[in-house]
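Shared between the two complexes below is chain A, which has chain B as its partner in the first and chain C in the second.
Here is the complex of A and B:
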């Protein structure tokens, strides 16, 4: 048995740690590249969403490298994500690849647990007692690493717009993430986190700068994975904008476990409530939250919002329509970036540069003609 | 009874299945129902977001009705089945319409969600009736009449589609008796969302062209839920869109026999169709193909009639070769 999983931002560190700590053999799919995307595009059709294509590409590459068991998060209606596994199974089968599929249920219901039991029955025979006993420890370790990665990334978002030498923060962040990835025990992990934080803080910064505050909203997969959004977060930061986003791997895990009602979950509720000014019903996935977050961020004094969505994404298409109106009503610049398989790195860069320039003009105008 | 005012029903999306029900209900309450015109030859498409063509048409039709109607009827269709749902875009559709109209007209946007008792078809219509000033009793009576009309409308559906010109399919008059007994036509199943099948702005009136080519049109409306369920019950995961289920189920049903050919009409950018089309294609391949000719036509605002007719003619040639 060799387990594999799709890429999503720094999620592979989490999954890898669990497998590693509990001694289950695994294959990390190669970093998402042009080749991954080409494979995914080749074996799907043009109107399928970008996450589908990339996840499929990840699986194909991993299976070719010897993996045989796919672990994939499940999801429910109304978005297409809930049926990815149905279609991807048929596609992989048609390609002649052999695999076993294990779905992690999005919500813990009896039906989901039963299905999970059925799926794992075969796999359990291949696991030793040691694997099973070590699993909770692996889970804990993975979670700690996840939180460490996220805190490093959040710190990098703050440092990046103030860095003196462009690109230095990114370099340091990469190194710091690698240290976290290498940590084998909770003690070394804490050390790695401390070292990484220090290293990021030591970046030469120009404290006199007043960076723009920009929020990234949109479909979670495009928001979280720098390979899919072509490094929007990094690019915006290097153009002098302090980026904020509310979509993190941990928030989605906690949400599905229905934990942490006081923290992030209530933040989602806040966004949802705000969206009611425009949307009368829960459209599904992140649509209402994108709209709600944009509204709230404009109230909180953010300078701009960047809305990310994959081409032909069903809920976010509705959100993009509503956001054009939000932008007009609330006087906040909103840039919608529709991402697809095309090579649009240059285009994204140009759009973001123009967007930041517009923010500059807006700030200048506000200082020359202050609002009464 | 004097006329209370006008209700505008945009000729888009689920108009192409439920129009008789909607029309009779509002007429029973004493309102006049007006329907938007077509896109026309040089029609301009109006839209807020870059959605699929049928969604864009909804807004275009609403714009057309804006000045003529007192209320626009754009229900929020969350679910039209007791356990399955509609495409997520339908949930936001009334909001998008409201934003585009800029508050210039009142919109009847009651939620219809057959999974919840509170939002059943009857209750949702009663609420619409209340907003129009009708009592519950009046509303109930009107709904009963409307339902009766709808049931009788659905009978003889196949004749209606085959004998009437496309623009008259949704007129309430009974279908004409057959005039001549046609020579054995090809029985061709047209599968897709109802608005792809019957909206002539989406499909460039491909159905009447098919009829001219001597095809008898079969639609999934004629299949019972059981027949569809039998085709999709063995999947590893339940397809949770009712329209998607209907499409996949009827495609497999027709492709396993009973018809001479199958045509699948999809809209470009339709998320459900894109995903399920891939699924159907691969699954057929794994099963070792199908003996029945199968054509997938993808439609959008740029597709011309000529392109579609050429492919349909070629499809007919294939059918002929198989038969003789």
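Here is the complex of A and C:
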């Protein structure tokens, strides 16, 4: 048995750690590249969204490298992506690839566990007692690593707009994430995190700068994966904006575990509540949260919001319409970026540059004519 | 006091403008790229140098447009600016009271909202280039008329037909259907202009507050049919700047004038006589599989980009890299 999983920001580190620690053989799909996208596009229906195509490409490349068991999170309707695990299964079967599929249910209910029962029954035969016994430890290790990755990424978001040498933060972040990835025990992990944090903090910074505060909202795969969004987070940071986002892998796990008392999950509840000013019901996926987050960020004094969505994404198309209104009503610039398979990196750069410049003009105008 | 050169390399055309210290245009050019921006830039430099009086000194160069980085590497630019800012600067200087800018070019269509001379909002088409100049070009070619005739023809439409405007591929199907059932060319062309304008207003300008005065610029502003359709749809007149095609280049020139570089990076007009080319290859060192591009001037690698790890950039010598 060889497990594999899709790329999603730094999520592969989490999945890899669980498999590695519990001694289950695994294959990490090669880093998302043009080839990945080509494979994904070639084998999927034209009208599907970019995240679907990239994830499919990841799976094909992993299966070609000898993986035989795919682990994928399913989330259910109304977003099409929620049903993508089912569609991807059919496509891969049609391609004549042999594998087993394991859907991690979005909510851990008895029904979901029963649904996975058949799949897991097969798997159990191949798992050794050692694997099963080590699994909880693997889970803990994976979780810790993920939290470490997220804390490094969050720190990088703060450092990036102040860096003196452009691109320095990204280089240091990449190294720090590799250290975390390499850690084999909780002790070495703590050391890696400390070393990474220190390295990021040591980036030469210009503290006199007052970066703009910009929030990234939108469809979760597009927000979380730099390959899908063409590095929007890094680009904005290097243009001088301190970026914030509420979509993290841990946020989504905590939500699926219904852990509402934690800060993250309740933040999402606040976003949802705020969206009610414009949306009467739950449109599905992240739509209400994108709208709600933009509203709350405008109240928190953010300078702007960047809204990311894949081309033809239903929930986010709805959100983008509502956001135009939010932008006007609350006087906060909102830039919607629609992403698809074309090479639009240059265009994304143009739009982001113009966006940051607009924020500069706005700030300058406010300092000349201060609001009463 | 020097003069300033603004270069706007768009997807279909290349625009160049030289302004003097008083913002007067000394020389300008507007040429088609034909898919070869490097050649177009060289050609543009040649034309500009022939139109400038002898001994005119270039004090700074700025590039803008979708190929601004390529142009900057080639000519040695002091300022590299995105086209949205460049267009805004040009308009704000010339029409301080303007509150809306429509800019429709070859592959891009943008809307910029200004309030009190400051950009407050903008939008640009991202993944889809429906309703831009290249589609008009294509349709003119299909109908066997020149793009210049296109606008006058559409003004002659008595009953413009309805053309689906969502996607240009759909629009074309619709137009062919209309032509086969016997509608006149004038009515079809008029219908296309109306549908492009509706598409632009619904897609690019969706939900935006379009207040007059409206400035309309970019190559498509030459098209009278589109102008008329806009005026009817918005029920307001449009301001068409004298140099509506060159506004991006004018904005760039003004930006570099403001920046006032002490010593310009400009490589000089002789560049137009040197052989320039690019070559690309896919690096296979790591999973990124970067597509690396090298710029050669006189058989020498002058610049290199596209490598995420910056390995090639470093090896191609000092002073090479991002402008």
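Criterion: the second predicted complex is superposed on the first by the 370 of 372 C-alpha atoms of A that agree within 3 Å, B and C clash if a C-alpha of one lies under 4 Å from a C-alpha of the other, contacts with A are read in each partner's own complex, and residues count from 1 in each chain.
Simple rule for what comes next: a residue touches a chain if its C-beta (ideal position, glycine included) is under 8 Å from a C-beta of that chain, and two chains touch if they have at least 3 such contacts.
The structure presented is a predicted model; accordingly, all values stated were derived computationally and were not measured.
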item: Partner chain in contact with A:313 - chain B first, chain C second, else both or neither; value: first
item: Touching partner for A:202 - first (chain B), second (chain C), both, neither; value: neither
item: Chain B versus chain C as contact partner of A:34, first or second or both or neither; value: second
item: Touching partner for A:86 - first (chain B), second (chain C), both, neither; value: first
item: Contacts of A:358 with chain B and chain C, given as first, second, both or neither; value: second
item: First (chain B), second (chain C), both or neither touched by A:285; value: first
item: Which of chain B and chain C A:324 touches, first, second, both or neither; value: both
item: Contact residues common to both interfaces of chain A (with chain B and with chain C); value: 321, 324-325, 338
item: Interface residues, chain C side, partner chain A - complex; value: 66, 69, 81-85, 116, 118-124, 126-127, 206-209, 286-289, 291
item: Touching residues on chain B, where the partner in the complex is chain A; value: 47-51, 76, 78, 85-89, 91-96, 99, 109, 111, 235-237, 239-241, 268-279, 282-283, 285-286
item: In the complex, chain A residues that touch chain C; value: 30-31, 33-35, 311, 321, 324-325, 327-328, 333, 336-340, 342, 344, 346-351, 353-354, 357-358, 361-362, 364-365
item: Residue ranges of chain A touching chain B (in the complex, touch as defined); value: 44-49, 52, 76-80, 82-83, 85-87, 89-91, 93-94, 278-285, 287, 312-315, 317-318, 320-322, 324-325, 338
